[in-house]
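So that we are looking at the same thing, I have put the structure below in structure tokens.
By written order: A, B, C, D and E. Residues from 1 in each chain.
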Amino acid sequence: MTTSTSPYIEVKDLAVSYDGQRLAVSDVDLEVGPSEFVAVLGPSGCGKSTLLQVLSGLLAPAAGTATIAGRDVTSTAGAAPRIGYVFQDHRLLPWRTVAQNLEIVLSAAGVPRDQWPERIDRYLRMLRVEAHRDAWPLRLSGGQRQRVSIARALAIDPAVVLMDEPFSTLDEVTARQMRQQLGDLFALRPTPVLFVTHSVREAVFLADRILILTPGPARVLETVTVDVPRPRAYEDATLAAIEAAIVARVVDLWTDVPAEASA
Amino acid sequence: MTTSTSPYIEVKDLAVSYDGQRLAVSDVDLEVGPSEFVAVLGPSGCGKSTLLQVLSGLLAPAAGTATIAGRDVTSTAGAAPRIGYVFQDHRLLPWRTVAQNLEIVLSAAGVPRDQWPERIDRYLRMLRVEAHRDAWPLRLSGGQRQRVSIARALAIDPAVVLMDEPFSTLDEVTARQMRQQLGDLFALRPTPVLFVTHSVREAVFLADRILILTPGPARVLETVTVDVPRPRAYEDATLAAIEAAIVARVVDLWTDVPAEASA
Amino acid sequence: ACSGGSPEGAAAGPGTSEEDDLPVVRFQAFPADPAGVPVVVIQEMGLDEKHGFRAEVVEVDPDAAATNLLIGGADVAVEQDGVTMTLAQAQGYDTVVFYPSLNTMMSMVVREDSPYQTPEDLVGLKVGHFGVDSGTTTVIALMLKELYGIDFFTDYDLREAGPAALPELLASGEVEAIVDYEPLALRAVLDAPGRYVFEPAKAWADVNEGWSPYLTNLAASRAWLEENPETAKGVLAAWKEAVAEIEATDYELFAQEPYKEWIAAGSDEELEAFITYCADLPCYLDDFTQDDVEQLDDWLALMAENDLLIEEVAEQPIAVILEELLP
Amino acid sequence: MTSPAAVLEAGPRPRWWGAGRHPTTAVAGALGLAAFAVLWWWGSERTRFIPPIGETLAAYPAFLASGIWGDIGASAVRVVLALATAVALGAVAAWVIVRGGFWARVVSRYVDLALGLPSVLVALLALMVFKRSEAGVFLVVAVACFPFVAISLRQGLAAMGHQLADMASVYRFGTVRSVRHVLLPHLVPYAMSSVRNEYAHAWRVVVLAEIFAVNSGVGHRFTQAFDRFLIDELVLWLITFIVLLLGSEYLVLRPLEKFALRWRGDRS
Amino acid sequence: MTVVAPPGAVTGIASPPRRGRRAGGPTGLPSLVALVLLAAAWELTAFLSGGWVPSIGAILGSLPGVVTDPATLSNAGITLYRIAIAFVGATVIGSVLGIAMGYNRIVEAFFRPIVVIALAVPDPVYVIFAILVLGTEESSGIVALTLAVVPFAVTVVHSGVRARDVQLDELARVYRFSPLQYVTQVLVRQVAPALLVAARTSFAFSWKIVVLVEAMSQPLGIGSQIYTAFRLLRYDDMVATALVFIVVMRVVDALLLGTAERRALAWTRR
């Protein structure tokens, strides 16, 4: 289930700058296969979110190309195949209830109306927020909002999943369940996933490959292939070993360079 | 450095409800000594943020009392001693630069103006965002914003520190540095701290005592005293053992009960 | 220069000017109204000082003019009509007219090349006016009813616009005829080009012993007249003298500054025509007798009878002969 | 109309809301002005009463030299003072209304009432109360403008959210700091739109109020031209109003707005 | 960034926040207090004006006459009709233009000077030019009215659109909301408060300016009735007529816009 056939997501020589001056991402190359789960690790502020924004067509790069399924995505949001994007901040529509927030993306994705209730139920249950179905987003806790946002991204059966620290504000137990669920879902229906996280263990547990980025402006420092068969166990010793290796590697690299040198 | 003399923060029989119907917190008792670091662990949506809001005077409880330094804080925000509050969302003033955001709270806290530059420098450097001194908050990455928010809370030399998942969106390496810094700072100048987190290891590493909450509405399930002398090492085996014990304990408890039963 | 009048002075009550002890009299006038010209003449030729007062001009908006006089915004108005004074009387304000300022200077104008010869030809057609409750419109309406049996308000297809815009409307063919006061009607005659189809002053005078209802009059509150008898007499004397000055030049005075600026004719041609018109009519009147008072009362009674603006005439005549009021 | 569809489908590079200053916006602004000039030219060709644009502009310097500054100054003082009062009143009203409770309802009744008062009526009543005086003009303008400021600021206050206010109270900002650093910056866009509107509204109302009440100011002069139907002079006055408003828009309001909202980044 | 929260939540600024405070008290009492205070102020004004401003007694005295006059009813109908058209026209044009300007810098830059010019033109000029260009038909008054109101609506909507949360736009783009969905679910909901203010502004201006339009160019309507009363020196009738119609307008405003407001902002109530 590692890199296979032609890459589904392909980024070449990508450079992004805000205000036309500061580089946030420089010279990133990356590939995600058609059924590959790729995790992205990088120090805070290195440009991970920026990368996902480019891939979703929200931000135009200063240089380089980004394609999904062969289509250039740097010009228009929505040109690429259906994307499930979990934003770093939740971005729920505050004037729609939780269920309505899902309905609207289902409708936008052209999912037939009769499938909605089943899907909404399934994903809200999977994310364990089914009790808040009819709540307004502003009345949810931080973690609950994040989970709704994940449910939304998954509910549309996306062709590509982009996740920006989706489990960052979840407690250990919930996060483990979620990871498990996400792993199962991916095993069941492999989809190209680009998964930004700051938890090394999480990355190791979920990903086929892990991209390690440098401190900003981001470049790919290293690629780690996690050759552990699925299903995996969170406490698995092999995973722990890989995690330890990665941590040991990055502790130096991410600290050596002054993280904010780019400014 | 564990519970000593009379408690500095004291919460009794606290119950909080939104809309006057759903309980978000029920019957919480808790004490924090004058130089005690207490971590709070609880499943997502159990009422941790709600608890901090009550302590900071933002939310009126339905029942019970909450005092800081003997003063009732349930009636007015700002009645209690100087509080450094790291909100779960950053809550920076988007129209003030990073440095200005700190200046405003320093001025509000009555810190003499000639001390500002030094303090701002110190804390921005500590949180490793000194390069973004003059940036607008909207142009920072998620983790950078959170760090500025922490710097703001610490810069005023607070009498009490309330932190709501302050390191949740930081990468492993940065988070470790931050934890270390916070631990050092606390060792240097012990202050009552109530620290909400979802990382068990983080809690074990930093806290004198850990409160474990039930799924919402929150009650205190258990108190774990971390009797490991400081300075502690993050990879310390004793800490790992305590972590494992807590995880083992909560995995059942937090999953057994349907997390959202309260709705 | 003439359009001045200090705002501060205007705001203050009647008083005396600073340089000398002469009482200040504030005259209110419409901008561009020929009724104001004698006041300007009074100022320019020093007739005010000669007659023991100092004249100031307060320019007022036509709509708020009566109110301005009533609230004391001016001492003497030069542009009030009998109907308005009757209304004021009915509301309990004792204001009176004491001398005519302008003759029946209003007309009905059609385009020159149009086939209409009399007001009757216009029945059913678009006629422009500037307000069904305006003095000009009601006067013409009553005359048309009396002379032709035409109900102005229902027999014509009425179109309302500001008085100054009416000539444009006629010229552009938007309406077939307009009723307007002078010199705006004259402007229509020159610009459209047009011609008079009904001249009230002449038409009414023909059947009423040479009398026709004045377009405007000098007016003041009875109390002011009685409290300032000498000044009031001075005002009237100065007015008469100013009118005489104008008539002595056969109205050619209008062509000189600052009167020319006051009148603000659309063109020199229009001004020439207006001078001719005035000299012919004539625009200003030079006597006011008990007979005129009665004629005015009869006219107002006719208005009341036809339910035009007023329901009944005032108990006392609204016009007074100053010499009789102030012996 | 460009918008919603464009948001979704177009999105050219660089982003459709652009980055930094576009020379194209200056060109577009000039085109907007040109469109107005063309409309005018077309009007003067087609009608007999609109004077040709060239003649009018040629006459403008002489008009400027003809002693209109005193009147403009008089009116400008009235407008600015009344507007300042209206903004203060409107801000207080909005504040009371958003706080809720009994007085909120009382005050919002007055805002509603003032919203529904025709300026002509207020001007006439002011004439009766203040006779012919400055105070009347001032009051008319203030009464006409304040309710619009109030509803606009009320909208801004209601849109504020409690997050930052909570932060301010935890860090004990106190009233002055809260207002200065939290409330005012948040209200900038709302205040800008209402100041922009009410400044223009104030000029319109001052024209009306001066008709009735005083013998000075642009309203008085404008009415003189209007009553005599001196179209040429009327148009010169119109140009003056336009210059006044364009000047304050491009020299004061926009730079101010740009400065106050620079934190929002590239969305001007 | 603009998280919209309940009105009333802002209480935190000066005093400690107590969220969920409901605007208190019965509805009637504040109105009554407002009325009494207003009446007192009016009487004082009437007194200070030396009797020129009609007293409340005089106004109440002329009210029955005004209300029972059949002309009042038909005039009110005519005026309401004019206001309705101008209001709808101005709100629609203002919203479309304001939204377009809020989204596109070029459109904004193009229309900005035009809007400022439109703002600069005094109301009477609109009226007179409409008559001269379009003739004396009923429609010219309505066109003048609409033109005079539009720029205000544009400004309000424009700034509302600019203050929106761009992050939600991005959400809509990523999840490929259809234009309709975008408009109804993202745009309108965010801009709703501004649209309401714009509607309220157009409504108020329509009514204010219609008085002038009718006074200047239309023989019928409440505006000309008010003006006629003034010219005929019946100040009490003038105020009474205005009062009647102001009440009518308040009712319409409350029914129409009040309901819309409650609907549009339901989600903010906790």
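Keep in mind that, in the parts below, contacts are C-beta pairs under 8 Å (C-beta built on N, C-alpha and C of every residue); 3 or more make two chains touch, one makes a residue touch a chain.
Just so it is clear, the model here is predicted, and its values are computed rather than measured.
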| item | value |
| --- | --- |
| Chain hops separating chain C from chain B, counting only touching neighbours | 2 |
| Which two chains share the largest set of C-beta contact pairs | D-E |
| Between chain B and chain D, centroid-to-centroid distance (C-alpha), Å | 47 |
| Interchain centroid distance [CA atoms averaged], chain A/chain B, Å | 27 |
| Chain C and chain E, separation of their C-alpha mean positions in angstrom | 40 |
| Residues of chain D touching at least two other chains | 8-9, 11, 47, 49, 124, 128, 163, 166, 169, 182, 226 |
| Contacts with 2+ other chains: residues of chain E | 3-5, 12, 16-17, 19, 52, 128, 132, 173, 176-178, 215, 227, 230, 268, 270 |
| Residues of chain A engaged with two or more neighbouring chains | 57, 77-78, 89, 139 |
| Interface residues, chain D side, partner chain B - complex | 163-164, 166-167, 169-174, 177, 181-182, 185-186, 188, 260-265 |
| In the complex, chain A residues that touch chain B | 18, 41-45, 47-49, 88-89, 128-132, 135, 139-144, 147, 165, 168-177, 198-200, 247, 250-251, 254-255, 258-263 |
| Contact set on chain D toward chain C in their complex | 47-49, 124, 127-128, 131-134, 211-212, 214-216, 220, 223-224, 226-230 |
| Residues of chain E touching chain C in the complex | 52, 128, 131-132, 135-136, 215-219, 227-228, 230-234 |
| Parts of chain D lying in touch with chain E, wherever the complex brings them together | 1-9, 11, 16-18, 22, 24-29, 31-33, 35-36, 43, 47, 49, 98-106, 109-110, 112-113, 115-121, 124-125, 128-129, 144, 147-148, 151-152, 154-155, 157-163, 165-166, 168-169, 175, 178-179, 182-183, 189-190, 192-193, 196-197, 200-201, 203-204, 207-208, 222, 226, 234, 238, 241-242, 244-246, 249, 267-268 |
